[in-house]
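There are structures below to look over.
What follows is subunit A paired twice: with subunit B in the first complex and subunit C in the second.
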Partner chain A sequence: MRAGQSRSIRIGYTAFSMAVIGFIVLPLIFIVWMSFYSNKILSFPPEGYTLDWYRRAWALSDFRNGFFLSLRTSLIATVVALCLGLPASFALVRGRFWGRETVSTVLMSPMVVPGIVGGSALFVFFLEVEFLTGWRVAGTSLGLIVAHSLIALPWMIRLVTTSLISVNPSIEEAARSLGAAPLTVFFRITLPVIKPGLIAGSLFAFINSFIDLEKSIFLVGPDSTTLQIALINYLEWNFDSTIGAVATVQIALITVLLLITDRYAKLSRAF
Partner chain B sequence: MLAAPGLVFVTLGLLLPLALMLRNSLNRYDPSELMISAVTAENYLKFFGDAFYQEVLWRTVWISGLSTAICLVAGVPVAYFLARHVSALAKRMLLIVILVPLLIGNAVRTSAWMLILNDKGVLAAFLGLFGHEGPLGLMYSAQGVIIGLVSVLLPFMIITLNSVFESIDQNLEDAGQSLGAGHFTIMRRIVLPLAMPGVLAGSVLCFILSMNAYATPVLIGGPTFHMMAPTVYQQIAKVMNWPFGAALAFILMAVTLILTVGVSVVVQRRYRKWSE
Partner chain C sequence: MPDVVLQDVAKHYGPAVAVANMSLRIGDGELVALLGPSGCGKTTTLRMIGGFVETTSGCITVGGRDVTALPPNRRNMGFVFQNYALFPHMTVAQNVAFGLEMRGVNRSDTDRKVREALVRVRLAQYADRLPRQLSGGQQQRVALARALVIEPDVLLLDEPLSNLDASLRQEMKIEIRQLQQSLGLTTIFVTHDQDEAMSTADRMVLMYNGKVEQVGPPDEVYGAPRSVFAAGFLGIPNLLPGQMLPGQQGFRLEAGPVLRLSGQAAVAGRCFLALRPEVISIHAAPPSDAENCLAGRVEIMTYHGSAVEYQLRTDIGLTLTARAVAPGLGGPALLPEGSRAWLSWPATAGVTVSEN
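Let's turn to the complex of A and B:
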């Protein structure tokens, strides 16, 4: 808020920014609105309003099962990312070892390698494993969990390392010198301090796994189709308000998770 | 070592499969046996010998470049606005508003754009109020794909630029102003040169993401609008031509890398001249 900057410039910035943010957000508002239309064939403005599309979306087993499969897969992926990411974050922040930069690059690489490339590499790898050993991974929930854990891990590490950096090691040293065992120090001192980072990391890991399309598209099978894949499969042949209903549920879920994350961490730090 | 489990996991789940894919790109494809072990450059030669695939690559590059440029032009004022003209609370709320569309997922966001761009959709109905008639023709077109891509990429650009603008000392702008510079002179001569690393980072991020975009070209562009990532998917998962699909994936990554590094070097050289 600069006193010196002229009013017209400020108004110009505000108007332009609102237009751009509107451009980003408006499509989502329209798709939520569309989910309540009573029209069979999509047209504007709507003839009336109904909740039937939600019933229909729920009745379609692709969407219902896809939703629960996505929830389960993302939850497991988040737990895997936590188990692998928390110790790795400690090593990255506290460790002083040769090749630390390389270790960090490798751990973050699933975020850097494009989803389609990583997904196709994993798909071919799984099939080659199957040819060699007869062990089927592609198209099973195990394959999905591996792919989604890879997606979740870098987000976990990014947010946990940021909060670990802010922990002053001398507090831990003080506790240790007063006779606390290493585990006591971890649970009583370190963990409470990095809890916001852990929560934000878990939520970001969960969200990014839940919305993944590019990796999952290679790995879904007839009985294991995630919600995002069910959505684009449906879109290939239909475009009606059922999509709106599913989209609205997802928008509500993601918004709530983001609002929770915002309480624990600065959201812009995740990018 | 504490990082070892994660390291093993990423190595087995990403690096090893990538290495295998690089090896596969040198193999030979056979319709009945799928893949025959060989060491041949024929998959890469096939790409560069076939006008169709070069057109796919060229389309991917120009659409990504144009989308990135649009994001830059639209993103700079918004990021600056968030950094300088907004209270902390308003900024936090606007940030969530920007992040929800970003983290909503490509499937939902793209279907929302299909609803808008459709010939019987929101935009057509809106323009109809002003007497516009006939189909919009935005679905299954390059314009439609660019609109969809820009809406995915803008949040990334805004957030990257915003953090750079916030790190710039506001006194510099005040000094410029007290010396009589107008707002646009201050932006051009002080703020943007200082923000160059962020401008570059944001642009590189947007360019990489749109080079690899999958959902937008498939759903808005339709089956005849070919870009690289959908073509990789097609070759690997549908045609099952793994050697050629692998070659496509590595060509895509190599072209992306060469272009982003090239542009970064040029911009940084100019930027150094500026700051001297």
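Let's turn to the complex of A and C:
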């Protein structure tokens, strides 16, 4: 009776898990599948298969330029987030100062404020800066990089602080007692130990910046759109498998990044 | 090996006093245990010697050299941490080599010294493992090898055995003592376990509330605790309140009777007679020639293999603990719980300790 009960619980649990995984994976599979349809207008079932949509996606300058703009913006944003996030994480984890909790909340806030709200707030702020100083920020790549750095920063801080908290402070003292100066301790001991957190933080910062639509939509210039905005613009007038091809390339890119990262720093250890 | 001298060393955290004016000399090649309950200041003292905690006042010298203001990396001390603190991203050999590398020792000397250090702690075959692939005891030995390979002036050990299980602890205790003896290392060892301190140290420093309660060789401190705290902490359960009788060799218990007591310095006012359980004999019938005797009923009998411990409720209302040799080893027959028994001890057995 009890054995049968635990067996049925196990089957139910497995079925539920499979349903959840299916719910996540099936749409992705469909997008990839759909990108090979030869139907002129996206419909079901497929009439045949072709690679034309990939050629077309590459041929459209909006997508090609958008891809490179997104890539460049996200890479710079990730580097900015790393340069700001690493010292910030140290201050938040190791420091004991008044208002630490508040600073932490403020640094994490871009993660919880809706992108549309954050984006429009930045846009208004940039306009006011321009109004007061005559310095144009909105619609320039600087404005875009600032916005994407804000997207990247909380991810970086979240993952770096997590790995920093798990560092046994005694190992740094042990290194000191063995003759290492503070800077040597940092580069030889602390940094290598939190490396998985740094890599995972950079990865998630990059991905979340790369896939952002809401914040960017306010801040791009007329002739420089990110890949996600190019997708939305395209969808407004077209409904064919080109978007499937673009999406598939992105899924592949992110999958490869995740696999490479996991190879060099076990991601499960960073959380 | 140099000696370590603490002169009026104190540590205050705001109004809280962690260590109050402590003066102590640890001799060349001596193993001293800092012993006390948690919060007594023993770890703070060790960390001040290691340079991880700044002193509020006072001065620390090693072999005559003032190190009070030196950072830990310039003190040349080996520190072994309670949680071993091995570098998780380095192999055992890399861990041990780290200190040599910091000293700019060349490659071939480093390799040789690391190998020797690992042989010394019997871990030569584990050189290429990562710390997480080792057991607790092995990690502890790596930590020891890493601290010793730099040929430190002083070895500092912070509760080095508390994360090990009982049998391993016994083994490591002996191993640490042997290493310390063979290298003639000046060693300071922090522990909360009086048994650990007594079995390893040349001298014990018993601390309480940031102050030194008593310093001396283990047998001296255990044999003659100077305060109720010291007696209690060293595991002497029998502390009988009373007063020494003026001019006479006697001790009046608050519970009434006068006990015979000899060879004690006079203590004025209320004090305690500390009786170690080993000095009390237990009898099934009233003994004929005892200098001190109290009757009572066995409340708890605990069998330990080689010894039997009895807790008795005496007729005068005091609870006493006696430890007898087990029956098979020449001790008296077992007395079951609830049976009537008599406790006796010689006049020379007790030690009077002041109230605080």
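The definition used in the following text is that the second predicted complex is superposed on the first by the 250 of 271 C-alpha atoms of A that agree within 3 Å, B and C clash if a C-alpha of one lies under 4 Å from a C-alpha of the other, contacts with A are read in each partner's own complex, and residues count from 1 in each chain.
As a convention for this text, a residue touches a chain if its C-beta (ideal position, glycine included) is under 8 Å from a C-beta of that chain, and two chains touch if they have at least 3 such contacts.
Model, not experiment: these values are computed from the prediction.
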{"item": "First (subunit B), second (subunit C), both or neither touched by A:165", "value": "neither"}
{"item": "Comparing the two partners subunit B and subunit C, which touches a greater set of residues in subunit A", "value": "B"}
{"item": "Subunit B versus subunit C as contact partner of A:239, first or second or both or neither", "value": "first"}
{"item": "First, second, both or neither for A:260, with subunit B first and subunit C second", "value": "neither"}
{"item": "Subunit B versus subunit C as contact partner of A:184, first or second or both or neither", "value": "second"}
{"item": "Touching partner for A:252 - first (subunit B), second (subunit C), both, neither", "value": "neither"}
{"item": "Which superposed partner A:175 touches (first subunit B, second subunit C, both, neither)", "value": "second"}
{"item": "First, second, both or neither for A:51, with subunit B first and subunit C second", "value": "neither"}
{"item": "Which of subunit B and subunit C A:59 touches, first, second, both or neither", "value": "neither"}
{"item": "Overlap of the subunit B and subunit C footprints on subunit A, listed as residue numbers", "value": "none"}
{"item": "For the subunit A and subunit C complex, residues of the former touching the latter", "value": "168, 170-171, 173-181, 184, 188-189, 192-193, 195"}
{"item": "Subunit B to subunit A touching residues, read off their complex", "value": "1-3, 5-7, 9-11, 13-18, 20-21, 24, 74-75, 77-78, 80-82, 84-85, 87, 92, 94-101, 103-109, 111-116, 118, 120-122, 125-126, 151, 154-156, 159-160, 162-163, 170, 173-174, 177, 183, 208, 211-212, 214-215, 218-219, 229, 232-233, 236-237, 242, 245-246, 249, 252-253"}
{"item": "Touching residues (chain side subunit A, partner subunit B) in the complex", "value": "1-2, 4-6, 9-10, 13-14, 16-17, 20-21, 23-28, 30-31, 34, 42-45, 83-85, 87-88, 90-92, 95, 97, 103, 106-107, 109-110, 113-118, 120-125, 128, 146-147, 149-150, 153, 157, 207-208, 210-214, 217-218, 228-229, 231-232, 235, 239, 243-244, 246-247, 250-251, 254-255, 258-259, 262, 267-268, 271"}
{"item": "Complex interface listing, subunit C residues touching subunit A", "value": "50-52, 71-79, 81-83, 85-89, 98-99, 102-103, 143, 146-147, 150"}
